[in-house]
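Pasting a structure here, questions to come.
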Amino acid sequence: MVAEPNNWGRFGPDDQRGTLNLLTPEVVLRALGAATTGQVLSLALPIRGATSSAAPATVPHLRGRPLPQHFMSVDGGDYAAGARPIGAGLRVADDALVVSPHGTTTHMDALCHMWSGDELYNAHPAARVRSYGATRCGIEQVGGVVARGVLFDVPRHHGVDHLPAGHRVGPGELEALGPGLRAGDVAVIRTGWPAVWRRSPEEYWSGQPGLSAEAGRWLAARDVAAVACDNAAVGGLDSRQAAAEGLDDDLHLVLLHRHGIHLMEMLWLEELSATGRAEFVFVAAPLRIEGGTGSPINPLAIL
Amino acid sequence: MVAEPNNWGRFGPDDQRGTLNLLTPEVVLRALGAATTGQVLSLALPIRGATSSAAPATVPHLRGRPLPQHFMSVDGGDYAAGARPIGAGLRVADDALVVSPHGTTTHMDALCHMWSGDELYNAHPAARVRSYGATRCGIEQVGGVVARGVLFDVPRHHGVDHLPAGHRVGPGELEALGPGLRAGDVAVIRTGWPAVWRRSPEEYWSGQPGLSAEAGRWLAARDVAAVACDNAAVGGLDSRQAAAEGLDDDLHLVLLHRHGIHLMEMLWLEELSATGRAEFVFVAAPLRIEGGTGSPINPLAIL
Amino acid sequence: MVAEPNNWGRFGPDDQRGTLNLLTPEVVLRALGAATTGQVLSLALPIRGATSSAAPATVPHLRGRPLPQHFMSVDGGDYAAGARPIGAGLRVADDALVVSPHGTTTHMDALCHMWSGDELYNAHPAARVRSYGATRCGIEQVGGVVARGVLFDVPRHHGVDHLPAGHRVGPGELEALGPGLRAGDVAVIRTGWPAVWRRSPEEYWSGQPGLSAEAGRWLAARDVAAVACDNAAVGGLDSRQAAAEGLDDDLHLVLLHRHGIHLMEMLWLEELSATGRAEFVFVAAPLRIEGGTGSPINPLAIL
Amino acid sequence: MVAEPNNWGRFGPDDQRGTLNLLTPEVVLRALGAATTGQVLSLALPIRGATSSAAPATVPHLRGRPLPQHFMSVDGGDYAAGARPIGAGLRVADDALVVSPHGTTTHMDALCHMWSGDELYNAHPAARVRSYGATRCGIEQVGGVVARGVLFDVPRHHGVDHLPAGHRVGPGELEALGPGLRAGDVAVIRTGWPAVWRRSPEEYWSGQPGLSAEAGRWLAARDVAAVACDNAAVGGLDSRQAAAEGLDDDLHLVLLHRHGIHLMEMLWLEELSATGRAEFVFVAAPLRIEGGTGSPINPLAIL
């Protein structure tokens, strides 16, 4: 049982992909038409995992989260120190990554990431989400997202660098910014909040602007394929890094749980904003982590 | 100093992106025209990281490599066991991934991944590749790859499920399969070798079919933007999982080191092969791991 | 409910430490008297975590387990490659370890590691063992083990280098080897099986000698504080690396679950065996991993 | 070349164990006599690695360091959620630990952890410390430390709970607290600084009390086998978490580099301090991580 409105059952009783089902080949083909120049922008934050340096702390993240760790198992330094090459002279650099994507880097949430009660989106049992992975609604269900992206550049609309922490974007702002939003589009919402990190991590953690519940419902009603934001939680956060809304209005529950709308968070939208483009091809391909609750991603905008 | 022919200096003395520079906006825009139906296929192997199960061993990988590990830091089982939800009833599943992409999953090699002598591609000092990452030619230099993909389905050409381990694909076969190959294309080479894993890991490890050095040079001469294969090393491997060629002919040195051609390995091309499509839009967006030697990827084919 | 005999309730209704409770200060002080020469031996296998080398595969482990990974986040190679020291000239090497101890290295099992039904040792609810750790019977409950160690050198007793895979040590052999076994001792059982690894990993995986259920009960009846073995599972294993006994006779259930006897596995006992010593001070201090199911350890024998 | 005084060459040209060589069997046997009651205390901080909780932040650590991560690969929640047991009813909990011990938990530094110039302790080339580990002076060289421990309870001496951040312990204080210090002893220095964490992490990071260089030299001159402290760096730290001394006086260089004295940091000494005991048996057994720069440890005091 889940509150109305919702998409449970809409795509079939066994569906695990939610509104990604709206990205039919026809819709994808049409979406490609949104590219006009062919310029490609990455919409990802950098992953800085050098644990013995200050670099990891230079990337926005939620306080207390385990930051990415990147290790070189063999590198140029070994050879400078006298290590012998492989065979006749082959030299190799190899590495490993340890990452908990939620709250630490640009990522996509799987539909199993959040829920209330005992059921995930579309009534899949939450008990299916186990130590060895989520056997329902895992990130591997996504495949690849290729859609028309529509940028809702809210700060630019208001003539500011970034929204204040307490700002909750309402349907009126979305309506004004994206009048042509169509079913199957990916709504890309800019708050500008990552820019605050450079000024002060403490300020970044003091709260976070985001979508209001009404804006979430507005997007859901317009059948967006997914929602992507440059903040860490789509909805806003208070000073304890918690969502202030109750269950009825929690953005993850409204979007992920009730409507099967995948969420992407912690995007880097500053360069995209500077282009002034509002419409483009949006591509995101989460790693096929079976049973994953999410994946780091490097989303692209093809202008 | 590096053997001829090569692309050193071609894209400028400081270039770190190699033939990805050929993917100008014009080339990208034209590449989008290769999509005719809008169907999207993932070309990635699954990442199965449930360490307490047999699942990791069901995915092809090079013997001895550290397999991906996927852990749930909170999941549905906790709630089934009595854990309290957050606030009024929010339930969360969260996770972590530990991955060494080379040889273990679908991935892209950075230009810093292999070299000979003291210099990386384009004379960048190999000493720049350090414990805290490669400060030259790291995977973060790639951004996003959007190009026309051309599939060289060599086994299908020969009427077999997969090439034998000792097969080295020659220029003649490439010429026959991809006569329209253009500068800026991504050459996608199918050997069918991953299918052997299901039959026998030992057989999978007994060697590997791949490109011959001449085929590598043929592709380089045609200015491909990148090369992607379903085997683990682009070139072939012998029974010790080593490349049998000498330095002059090593595929990684010919392609990565001398020509700045990024390589992608361990793709899953069986579904793409079944479509019969030889031309499509190829998209790959490696994670922006600063200083990374590579990244797991979920490459897409838009048909 | 659990089969008889058992130690449930013996050390109090809330006890989480089992027979470690027998190591009272008096018992510990007396145990120190077992040291006669002061020579200290490590009883641990090496941890070889260089993932880009063949080294990890040179250490005995159960097939399919995720092997330790050891990464240097800064090392001498960085300085050889030109990295600047800290301040006026301080140079640092720093590292990280990723380890899943069960089946991969010398380790101690917590009492939460195995059970049957819905309860851990001493009726603690198994539902208390969650993603964020075991809130009952975790490895942090152990503290430090200081006891008299008694070596049961079974292969030496039989005049062989190692027991055959199918050998199950019986009470008679234990009686013959350790007539003076006292309550509070740590029984150290040698099978010699690790030596097989050097000959052939496949042979190592073809099965494993170990204690019989009767021998397990014999030790439990004698109130050992803990049991330590050089094999991977205390009991024997068949060719599928599974314990062949049913639930009644499974060594982990007999010892860990019913009697609260902590187990240590994959010790290296070859040097200790060569000394001919049967009695010594045994020390093991598992890392205080809160909620851990086990810990890598470096157990010591003080001769 | 290294500044005088030092222990280079003292234990032989190839020595990698430094003053641990002083722990001859005779010295160890005599050390066991320091135990009078048999009570065993753990001197370790807990390892709290539940990444989706606030627990990791409750353990003292240096700011910016990657905190331990502990994951359960199978646990009681899985069974509560419906997972089937193994065979007839065996249930298992299994886990993994990711740890960078320096600055995050109770640990021992290897002699390869810090140096100046191009040589480690005893002139071993720093170039031997590579990505695959330190092939000289790694933590695996330690084996087990069993020695007489002497507690220098400096705060108690001054009648305070903890020393202030700017306090540098001098030789006079050590002389007053440990007049009977003998060659081969482990000097255990209490500053009380971990207790500050509970009050305020920011205060904990505002600096750190520690040994002065003169005190370090005083200990080295008395041939201690090792030095253990409850602070994070043995010497003091300033508000940038850096050692304020120049190279001549850096505690790590004085002790580790010049004298081959292993260091242990971030011990938990509050319970030991409360016993009033100044002399005890000290045991520490770092994991045998080949090539490690250090290891988490659970040191024990046997009273």
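Every chain is named by a letter (A, B, C and D) in the order it is written, and numbering of its residues begins at 1.
In this section, contacts are C-beta pairs under 8 Å (C-beta built on N, C-alpha and C of every residue); 3 or more make two chains touch, one makes a residue touch a chain.
Remember, it's a predicted structure, so these values are computed and weren't measured experimentally.
Chemist: Stepping chain to touching chain, what's the minimum from chain A to chain D?
Modeler: 1
Chemist: Between 0 and 180 degrees and rounded to the nearest 5, what angle rotates chain B's CA atoms onto those of chain C?
Modeler: To map chain B onto chain C, rotate by about 180 degrees.
Chemist: List the interface residue numbers of chain C and of chain D, divide the shared ones by all numbers used, and answer same when the ratio is over half, different when under half.
Modeler: Interface between chain C and chain D is built from largely the same residues.
Chemist: Starting from the mean Cα coordinates of chain B and chain C, work out the distance between those two points in Å.
Modeler: Taking the mean C-alpha position of each chain, the two centres sit 41 Å apart.
Chemist: Could you please state the distance in Å, as a whole number, between where the Cα atoms of chain A are centred and where those of chain B are centred?
Modeler: Here chain A and chain B have centroids separated by 24 Å.
Chemist: If you average the CA atoms of chain A and of chain C, how many Å lie between those two points?
Modeler: 43
Chemist: Among all residues of chain B, which ones touch two or more of the remaining chains?
Modeler: In chain B, the residues touching two or more other chains are 50-52, 66, 69, 71-83, 92, 94, 96, 98, 100, 127-132.
Chemist: With chains as vertices and touches as edges, which is it: line, ring, star, complete or other?
Modeler: Shape = complete; every chain linked to every other.
Chemist: Where on chain D does chain C make contact in their complex?
Modeler: Touching chain C: residues 23-32, 35-42, 44-50, 52-53, 55, 66, 68, 70-73, 75-77, 79-80, 85, 87-102, 106, 112-118, 125-134, 140, 143-144, 146, 242-243, 246-247, 250, 252-253, 281, 283-300, 302-303 of chain D.
Chemist: Using the touch definition from the top, list the residues of chain C that touch chain B in their complex.
Modeler: So the residues of chain C in touch with chain B come to 51, 54, 56-57, 64-67, 69, 72-75, 77-78, 80-83, 98, 100, 127-132.
Chemist: Spell out the residues on chain C that touch chain A in their complex, using ranges where they run on.
Modeler: Within the complex, chain C contacts chain A at residues 50-52, 69, 71-83, 92, 94, 96, 98, 131.
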